[in-house]
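Two complexes are shown next, each including chain A; its partner changes from chain B in the first to chain C in the second.
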Partner chain A sequence: MLIEQSAYSNRWRSVSPAAKGLFAACGFVAIFAAKSPLTATLVAGLLLLVTLIGAGITLGRYLRAAAPALFFLAMGSLSLAFAVDVGDNRPLLHLAPNGLAKLVEVGTRSLGALAALLFLVLTTPLVDLIALLRSLRTPELLLEIMVLCYRMLFVFSAAVHETWNAQSARLGYASARLTIRSLGGLTANLTLQVWQRAHALHLAAQARNNDGPLRFLEANFANTGRDCRVAGVAGAGLIALAWGLA
Partner chain B sequence: MSNTLLELSHISYRYPDGSIGLDDCSLRIARGSRNVLIGANGSGKTTLFQHSNGLLRAQAGVVRYDGKEINYGRAGLRDLRGKVGMVFQNPDHQLFSASVQEDVSFGPLNLGLDMATVRQRVASSLQTVGMTEHADKAVHNLSFGQKKRVCIAGVLAMEPELLVLDEPMAGLDHAMQKELMAVLDGLHQRGITLLLATHNIDFAYRWAEHIHLMAAGRCTASLNAAELGEHATALTAVGLPLPEVIKLHRGLVERGMVPATPAPRCANSLLGLLTTLNIAKEIP
Partner chain C sequence: MHIMEGFLPVEHAIGWTLASASFVAWGLHAIKKRIDEQPEQRMLLGVAAAFSFVLSALKLPSVTGSCSHPTGTGLGALLFGPVAMAPIGAVVLLFQALLLAHGGLTTLGANLFSMAIVGPFVAAGIFRLARGLKRSFALSVFLATSLADLMTYVTTSAQLAWAFPDPLGGFSASFAKFATIFAITQIPLAISEGLLTVVIFNALARFNPQELRDMKLLPANEVRA
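And then the complex of A and B:
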């Protein structure tokens, strides 16, 4: 929801998703072009600033959106830095050879890639991203699955919320034992709802003459050409900076 | 061109679990008319609607559209569903695209129209239901009433001749109901035949030209709405009362305060009548 809200309310909502995708892609290239951790950190910092200052995303919202990814990144990086030595006695945790260097290198590159990805998802609603992927000739089947999953995500989160409230109102989560029982009921109820809603959507699609692939209107952005040129120049600058500093 | 647009003749349908959906049900819908299907829950309204669009196939009886028996082949259904648009009761059962504009475009693209025509139809239908400014919004960010409007726009974009709406007023507040009625009146003026299901006899009497009563999978009566007062027995048989305005008007007629004809169709018309007779003060 946090990402969704930012994507719809940011300053660059009306900028062509193709331009934002291009800039994010350039961000990825710049990160891979960066040879030193310092350069990668600089590129990540620039991407962060563009997202905060350019698109007007607040720092608090950015950090909250990044928190889960940062947690996994920290866990993954730490596992690179340390090694477990299973010797004669008991397992021993110690710093791996070149562990810190690996941690810094992988960590900063991953931070940069995360910043590029966050730039894209915090400024572009998924509906626009799907339209962008469609224009890039992504296989229809994948896009249909994306569309349905995206829509169903909200339908089912509403169903979970309603069922959870209905159970809570009748003390369904008043104790650990009741919680386990209620969660079982919630799961069973959702299983049935998945089937019923899938059937209902199938009927609705048939009623509107669908007999095969799901077809939708292509998004139309007035200044796509201009936006892409600006994004291309900015992205090339980012790559040149990373390359030059390398 | 036949004056009867849709005709169900002695239709029977039983669901796989054995429950009866329709039982020897017959119904005629006249071209360009406003129709209400009214009956208790489980009386077969939704099942009947699904027969009108070819979603269900009658196990006995015949469904005719524009005088011709429905062809359940691929091309036949494609033709029928382009002419009979169906709006489901629960918008979350109908909307599955990510954005408003995408969902509305789904039907016309299925008709095989080119992108420019689809774009024009999407814009026009969103304007008809007053949702133009929400075109780029994600569906899940809309209110219940807005979702209902998008459902209607999605069907309107296919430019149907007959629009079937399953309990369109369910879950809407008074203001949204009024707005939806204005949308439906606009569609009727454009020549679209309307058939909608409701539980509200007062609304049915006020709005419809024809009222079809449903009970136990059967259409028990098709009444001219203007003559509804004469069919109290038919209404009682399906558990419905006479509309309040008819009862009130009759009470006033008995006291000699207003003439028996014309019979007002809603409280506002009755107040208007009283005002013209100098019995009530002018309605604000």
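And then the complex of A and C:
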């Protein structure tokens, strides 16, 4: 996965996830605090620069990660610019009063929030984020589902990929009807694997006398305090900038 | 289609998060009770979440010629129950935001409410109703998953209409606008997903009828959907 590759290979891999989470949270607050589209754009631009220059993510990789979300944003924002006039005869679609202003306002806010999200996910691997959620006292059962889900999704992805290739080699996806049939077979097989793998995991856990939470070694970050202070100051600056320019 | 990161106003984002959080808490409480009775269910839920995540990456052909992905809402609700789907859905949607930048953290509550709360409860309700009316297993599965899919997008349309009411026609005009836009892709997708789920249950009923009976989805005398 593109985002996970960046999260493991960026310059800020060794920076505490708590600090990166704090800065991203400040980014979200700044974006929602920004009263004008210009301010929101400025905050989004700063978050982008921090991700590119600070964490060393290449622009190409950033844009590839952002492309699907940007497409959805363009489609979603466009729908805000138009209004439906339910007249006497039939409904008419036309440019809404202040439609373009709404489009720009929501579009820039969403762009800024996306920049804050991308800063977090492109610099922090998911295992570190799960450890961060544990330190924030997220319910243990929810964390267990997350840990198991993360560990199993690569196993299932490989199984799907191999089954898909085998079915494709036998023209299983040659038409829409065959596609539905092949997908049904693939998903049914995968559903059976869910039970088999869950049962195997349960037996493995029982064999180790596990009757409590699942614990894994977590990375140790030496400068968490310093990192959080720097992130706090930078994040506060971002919020002050958003309020000051409002 | 998920609502994008930062798209909803802050008060809506907080409101939907609080609404969904109560269902997640209820789901966790129910799962905890279930795990106390059947400890092997603990692993099943984590594995099921991974299954849902992978399922959402599959491309499904649509009648309009475009491709989309199954939501898995109806399938998950029938297999694991609607209450368990809220925590599983929370993990899947969180992972989609963190691993694929699809959806978002500020819109997690709104997306969770439509996809992992409304959809599963509709699926379970329709399935129970159809089986109560003595409809066939295949028709019950088709109706449950198709209508769950549709209700998910009706809810998303309502959420967007509430956040962005039409300047002239208010909520209803805005709802009609968003629902019409979604209908172009979602009605064919709902039909495709309904058909796909029937094929999945046919395969399960053929090769693993015992699991379906254990989950009380199939009566003892019914083997094939």
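One rule holds for everything that comes next: the second predicted complex is superposed on the first by the 223 of 246 C-alpha atoms of A that agree within 3 Å, B and C clash if a C-alpha of one lies under 4 Å from a C-alpha of the other, contacts with A are read in each partner's own complex, and residues count from 1 in each chain.
The rule we apply is simple: a residue touches a chain if its C-beta (ideal position, glycine included) is under 8 Å from a C-beta of that chain, and two chains touch if they have at least 3 such contacts.
Since the structure is predicted, the reported quantities are computational estimates derived from the model, not experimental observations.
Undergrad: Looking at the combined model built on chain A, do chain B and chain C fit side by side or clash?
TA: Pair status: fit.
Undergrad: Just to be sure I read the superposition right, which of the two partners does A:4 touch: chain B = first, chain C = second, or both, or neither?
TA: Both partners.
Undergrad: Return first, second, both or neither, reflecting whether A:145 touches chain B, chain C, both chains, or no partner chain.
TA: Only chain C is touched by A:145; chain B is not.
Undergrad: Have a look at where A:126 lands relative to chain B and chain C in the superposition and call it first, second, both or neither.
TA: It touches chain B and chain C both.
Undergrad: Counting only touches as set out at the top, which of chain B and chain C does A:68 meet: first, second, both, neither?
TA: Only chain C; A:68 stays clear of chain B.
Undergrad: Which of the two partners, first being chain B and second being chain C, lies in contact with A:117: first, second, both, or neither?
TA: Second partner only, chain C.
Undergrad: Using the superposition on chain A described above, determine whether A:83 touches chain B (first), chain C (second), both, or neither.
TA: A:83 sits against chain C, while chain B stays out of touch.
Undergrad: First (chain B), second (chain C), both or neither: which does A:222 touch?
TA: neither
Undergrad: For A:209, select first, second, both or neither according to whether it touches chain B, chain C, the two together, or no partner.
TA: first
Undergrad: Counting touched residues of chain A, say whether chain B or chain C comes out ahead.
TA: C
Undergrad: Note down the smallest distance between any C-alpha of chain B and any C-alpha of chain C in the overlay, whole angstrom.
TA: Checking C-alpha atoms only, chain B sits 9 Å from chain C at its nearest point.
Undergrad: Which chain A residues come up in both lists, the one for chain B and the one for chain C?
TA: 4, 126, 147-148, 150-152, 155, 197, 201, 205, 211
Undergrad: Contact residues on chain C for chain A in the complex?
TA: It is residues 1-7, 10, 24, 28, 31-32, 35, 39-40, 42-51, 53-55, 57-58, 60-61, 75, 79, 87-88, 90-92, 94-95, 97-102, 104-106, 164, 166-169, 173-174, 176-178, 181, 192, 195-196, 198-204, 207-208, 211 of chain C that touch chain A.
Undergrad: Flag every residue of chain A that touches chain C in the complex, lowest number first.
TA: Residue positions touching the partner: 1, 3-4, 28, 31-32, 65-66, 68-69, 72-73, 76, 79-80, 82-86, 91, 93, 96-99, 102, 106, 109-114, 117-118, 120-121, 126, 129, 139, 141-142, 144-153, 155-157, 160, 176, 179-181, 183-192, 194-195, 197-199, 201-202, 205, 211.
Undergrad: Touching residues of chain A toward chain B in the complex: what are they?
TA: 4, 8, 125-127, 130, 147-148, 150-152, 154-155, 158, 197, 200-201, 203-211, 214-220
Undergrad: Per the contact definition, I'd like the list of chain B residues that touch chain A in the complex.
TA: 50, 53, 55, 74, 77-78, 81-82, 85-86, 88, 90, 92-99, 101-107, 109-111, 115, 118-119, 122, 136-141, 154-155, 158
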